[in-house]
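Shared chain: chain A. Partners: chain B in the first complex, chain C in the second.
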Partner chain A sequence: MYRQKYLFLLPGLIALTAIILFPLIFTIRVSFSGWDVYNPGLSWAGVKNYVRLFEDTRYWSALSRLSLLAISTVLIQYVLGFALALMVWKDVHARRFFRVLFLVPMMTTPVIMSVIWRTIFHESLGPLNPLLDAIVLGGQPWLSSPGWAFAAVMIVEIWQWTPFMFLLLLAGLLSLPSEPYLAAKIDGAGPVRTFFSVTFPGLAAISVGALLIRLIEASKILDTVYVLTSGGPGEATETASYYIYIRGLRDFQIGYSAALSITYLVIMIVALTIIAKLMVRFLVKGQS
Partner chain B sequence: MLDLHNLRLAENGVPHLDSITASFAPGTLTTILGRTGAGKTSLLRAIAGLAIPDAGEIRLDGADWRRLPPWKRPIAMVTQQFINYPHLPVLDNVAFPLVRRGEKWPAARDAARAMLDKVGLAAMVDRRPSQLSGGQQQRVAIARALVKKAPVLLLDEPFVNLDYKLREGLREELVEMLRTETGTTVLYASTEPREALQLGDRIMLMAEGRLLDAGDPRAIFERPATLEAAQVVNAPPINIVPLEIDTVARMGPFGTQELGALGRDLAPGRYRLGLRAGDIAPGGPHRARVILTEVSGSETVTHLDLAGLPLVMHEKSVVAHAPGSEIGISARLDRGFVFAANGALISQGASHG
Partner chain C sequence: MTFSFRSALMASSALALAAAPVFAQTDYSATYGIDEDVPGACSYASIDAKDYSGRTLNVITHAIPVIGEPTALHAKQFGELTGATVNVVHVPFGDLFQRIMIPFQTRQQAYDVLFFASLWLGDFNPYLAAVPEEMQQVPGMQDVTETYRGVANWNDQMLLYTMDGDRHYLKYRTDIFENSEMQAKFKEETGKDLAVPVTWDDYAEISKVFSGWDWDGDGQPNFGTAEVTKRDDLMFSAFISRVAAYAKHPDVGGGFFFDLESMEPLINTPGWVRGLEQFVAAQDSMPPGGTNFGLGDEIFSFGGGQSLMSYSWDDAFIQAMQEDSPIRNKVAAAELPGAREVWNRETGQWDSFDEPNRPAYVTWGWSSAVAKGSEDQDMAFDFLCFFSDEANTNADLQVGRFGVNPYRESHFDANFYQDKLGWEPAVAQTYVDTLRGIDASPNRVFDLRIPGVGEFMSSLAAGVARAQAGEATPQEALDGVAKEWTAIVDRIGADTIRGAYANVVALEDAR
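Here is the complex of A and B:
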């Protein structure tokens, strides 16, 4: 009865297979091949690529570097975005102007902005070091020292994506009901306590969503690293995605980079699932 | 003692509070009675610190509250809206003000549980407010206000958004609970004269931000000082009939009437006669057109047009007068109130109540 209902599912199923499943299954197949610049094609190589990647310390370093970069930048973006949203939430002078101004970085093209930031960070020609010299902080080797280069990537990421947090959290703030704030005042909660007892719990669900979206996005970071530091100096800013890009499209080790990609995908799915569950437990359900 | 002195508050040039001076003794329940827009909510908000008066003083036992933010005032408040914390379970909603006051969560939860038991929500402690009915949500808000045992309790039409039966039941429960709260100054804002007469030790009448009268509810109902006070304290609203006295008393569409004791000492001139809706009855010589009939519970309020004079008739039974039809009515004119041109009461009929 009603067997033809499956017929209606068919177009969606075909699209799903073509767009998501086929590339995924094909990449899995490639990861078991020895496809490289000398042996193009799907020659079966077994688990050789996977054995190799477990011994590839450069990959695991890049992965942990990526984790550090993603978590730290997203957390800073969240704090800054929240602060900016709180600033222009209530009746402040020219709040419409500031609301638009804070969104500008998100509207720019990441690659182009990275080029501009590379110029800003340039140690002898860029405007940043003379400025730091002028205010007695002193210029820094932004792109030639491992620590400062990592900081530079973080700064660009934070600058570019804080507006996204700002936008989501401002939308959340504007949708908060006013009644609990009245109750909090009557119940003896001052502004700081009201923030932690009313505002923050009110935005818990939207915060989890915003943090997860940004973590997913940040874990794919490639363009900023590519333009700004090319993973250097040395491997100081090399992230997992950038390393996979090097192995696949610079060294043309397609089979190996496919194995790296699949491993990276599985790790990301597991990690983000755990993070999502923890955030829901502690931020959304555990508010009391 | 809660003292208000010359309290003034205006928004966009519209006075919400106009020179309010009043005192509220501890352990008393004062009903602030007034129509919508009379300034009741503004008064409670000013006392709570949610609205900043333009002038005047608010003092509790001599302590000046002018610079005290709302969260530092020893008050509790229940509003018309069912205000709770949506993300907290019912138990923590009620415990929250105690924690803010410095109590530990376990002790605060114990006190909250006891209060929720009193308001009949012992079985709902783990639910979120959104999982409760409107009446239950308002019980949570009431429990949160009572658990604080604040010296000043402000109730701003707390039951206005509930249905009639629930309103009656909750009001009785609240009065019962407030009896045990000795020493609390309770201010209860209401638009319903009947509620004010049932509840308060004291009544305070307000209109357009002004304090019209204050005192014993029964005495004010029996003898309103002004026409404005009579309009506020009567529901359905009091009828106003033009009255002209020379050699006889002429009363608009009611014609020439014998006022008896009511008009004995009145000098010739123009007056206004206030006539309660209950003193107009169906059956009589005056033909009035029915505009609208409202049935509430087992009572009927009929809006009439008597030769251009709008009248309201209140019957203690369910009657269906067809709109547009004409009915005969009679008026107990001897039970009326005579007001001077400036609105002051100068004479009233016998046996009110």
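Here is the complex of A and C:
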């Protein structure tokens, strides 16, 4: 009876297809081509790129390195962001100033801040090592040792994106009702008990959202690695997205990098779906 | 009254028109900051005589300042002189290749004029217009050295319009090498006289002695060597500089990177492995963070006085010679160090030499070209002709950040650097002697200018970085690179690669 209603949906559907589906379908098609620097265009290469991908140990190493980097940085961001949000949630002196201050790193341009951080970490010219020397901790090979370089990338990521967690969690805290706190107080709950029984459960849903958004973003990390370490020393900080960038835009293996991208996308969708379900089960449903 | 005023006006206009060329010629130096216009087909006067009003030229170039700044400057001047609209797009280096290649491959005529690294000629050659014969005959082009004319050619066609000359060479601190206290200390530590290194072994020994202590008295520790070691930041060029001495045998032709006949990579042969072993060992004599130095770090480490020696392009030398540099006129240039043992891939043995083998490495170099699909090739070539006009080049050579380095016979004149830049005669002389020596060297290595060079070099850099980080031994790392190179050759096609590589081998084996 109301079939014409679909006509009204058509413009939206067409726009959606053009914006989201077409690039994705085109990338899938490119991934089955041998498009590289010498063979331009969409020649049919079958599943060659996918077979090659499964033998590409550098890609899988980069992917596992990325998983470690993303999960560890996001968890630290969450803990720090939560702590900062709790700090300025209640009445503290200069609360508004701190709220704005904590947001500053997130508002800066990642590539520019990576350049600044690279200067800070510079072992010959940067200010960090002299500072560490002065407080007897001693300078470190921030960008020239595999372990320290990985730590340096983590530090920049945490510095830049903790404010995002702070912002979401602070918004969550401000929206919490006051009655449960009153009840907890009447029951004689201390601050720790109140946090684990009232505050944390109250923010479970928003925590899941924040963690997921940050995991999606962190899994795409490229600019920090590009500027800070170029994936080195060796392959110590090479992440999957940086590796795809190298293969696609430096080596100009368009077909192969498309196959890498599609595989990466599938892995991310599966992994993040599982993580989301687990988090909902243990954090949200568990609490309710 | 009216009549006489009009007559006077007409007379003065006629006088002005008649005198225009004289005034214009004088004005060029005042208006455009050149010493004087150099007569010729590409001069300010000649370009000024052309009218390209209503036409547009699209130019893609590197980000400012290196090459990007002179491009913007000369584009503005060209527009003012000819009336053309010149649009210049500046692109960061990491993005430049694909920004040029994608329009080529998708048949879009995005740019008329392109500035890029000359080693990409192996990839871009099908899309470039040959430099017209008359342009090749202009005095400025005739003055380009044989080496850089060779770099501009592909299959006997001139496809690149030469506007820069690059090569790797050694830079060192003369104030330390000539200091009697330092000489005595070196003698005490090694039992040898301190002299400018002629082999990489010498270089390693000197670097080691002069690392980790304050030899220039500024209160900060100094170090022996600053090198480009950061993966994906032109480190492959530094590595090839070190390897050439061991792997480019003066009496064996037919390929340095590959065996031209079989197209088997030579990258993991003993000469290459020894070069990598030395590169890895050198890390102990680098400044803190030196194992992750990009080109900019190397420039400031040597140019800022932190390191005793360095080797790469002109930049660190020019930085050291800036007017405000603490080590101005305390540096000198020399050929790259060499080796007394060189791998002979034909006999499969190490050959010994009394005089060290010191191949010259002609690497990189910015270049320019006109797109084959451009509908404004006449204007595009005129622009390039104007860009590298003698008056402009002489001005550009005086601005270190522009990245334009000597490439004409007339650029190898020490007086130019003394008069224009205030260099001391000895410094200027070592500089031009070194550059001239590289140009005349009978044993030379050129970049791997073949299709997919980015992929080959990326793979090489990744392998070298693994060895540097201790993730693999030099032999294992280079075996891995050789495996990847073989796969790339198989994918693109051995005959295709061989055809392109023959151009490189022809340059190397020409002497």
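The rule is simple: the second predicted complex is superposed on the first by the 287 of 288 C-alpha atoms of A that agree within 3 Å, B and C clash if a C-alpha of one lies under 4 Å from a C-alpha of the other, contacts with A are read in each partner's own complex, and residues count from 1 in each chain.
Assume a contact is a pair of C-beta atoms (placed from the backbone, for glycine too) under 8 Å apart; a residue touches a chain by one contact, two chains touch by 3 or more.
Predicted model, so just to flag it, every value in this text is computed and none were measured.
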Clash or fit (per the criteria above) of chain B with chain C on chain A: fit
First (chain B), second (chain C), both or neither touched by A:197: first
Centroid geometry (CA): angle chain B/chain A/chain C, rounded to a multiple of 10 degrees: 150
Partner chain in contact with A:255 - chain B first, chain C second, else both or neither: neither
Which of chain B and chain C A:81 touches, first, second, both or neither: neither
Partner chain(s) touched by A:229 [first = chain B, second = chain C, both, neither]: second
Contacts of A:105 with chain B and chain C, given as first, second, both or neither: neither
Which superposed partner A:172 touches (first chain B, second chain C, both, neither): neither
In the superposition, chain B vs chain C on chain A residues touched: C
Lowest inter-chain C-alpha distance for chain C and chain B in the superposed arrangement, angstrom: 51
Complex contacts: residues of chain B adjacent to chain A: 48-50, 69-72, 75-77, 79, 81, 83-89, 92, 96-97, 100-101, 141, 144, 148
Complex contact set, residues of chain A against chain C: 34, 36-41, 58, 122-125, 129, 139, 141-144, 146, 149, 226, 229-236, 246, 249-253
In the complex, chain A residues that touch chain B: 177, 179-180, 182-190, 193, 197-198, 201-202, 204, 287-288
In the complex with chain A, residue positions of chain C that touch it: 94-95, 97-98, 101, 105-106, 123, 230-233, 287-292, 294, 297, 300-301, 306, 451-452, 454-455, 458, 462, 465-466, 468-471, 491-493, 496
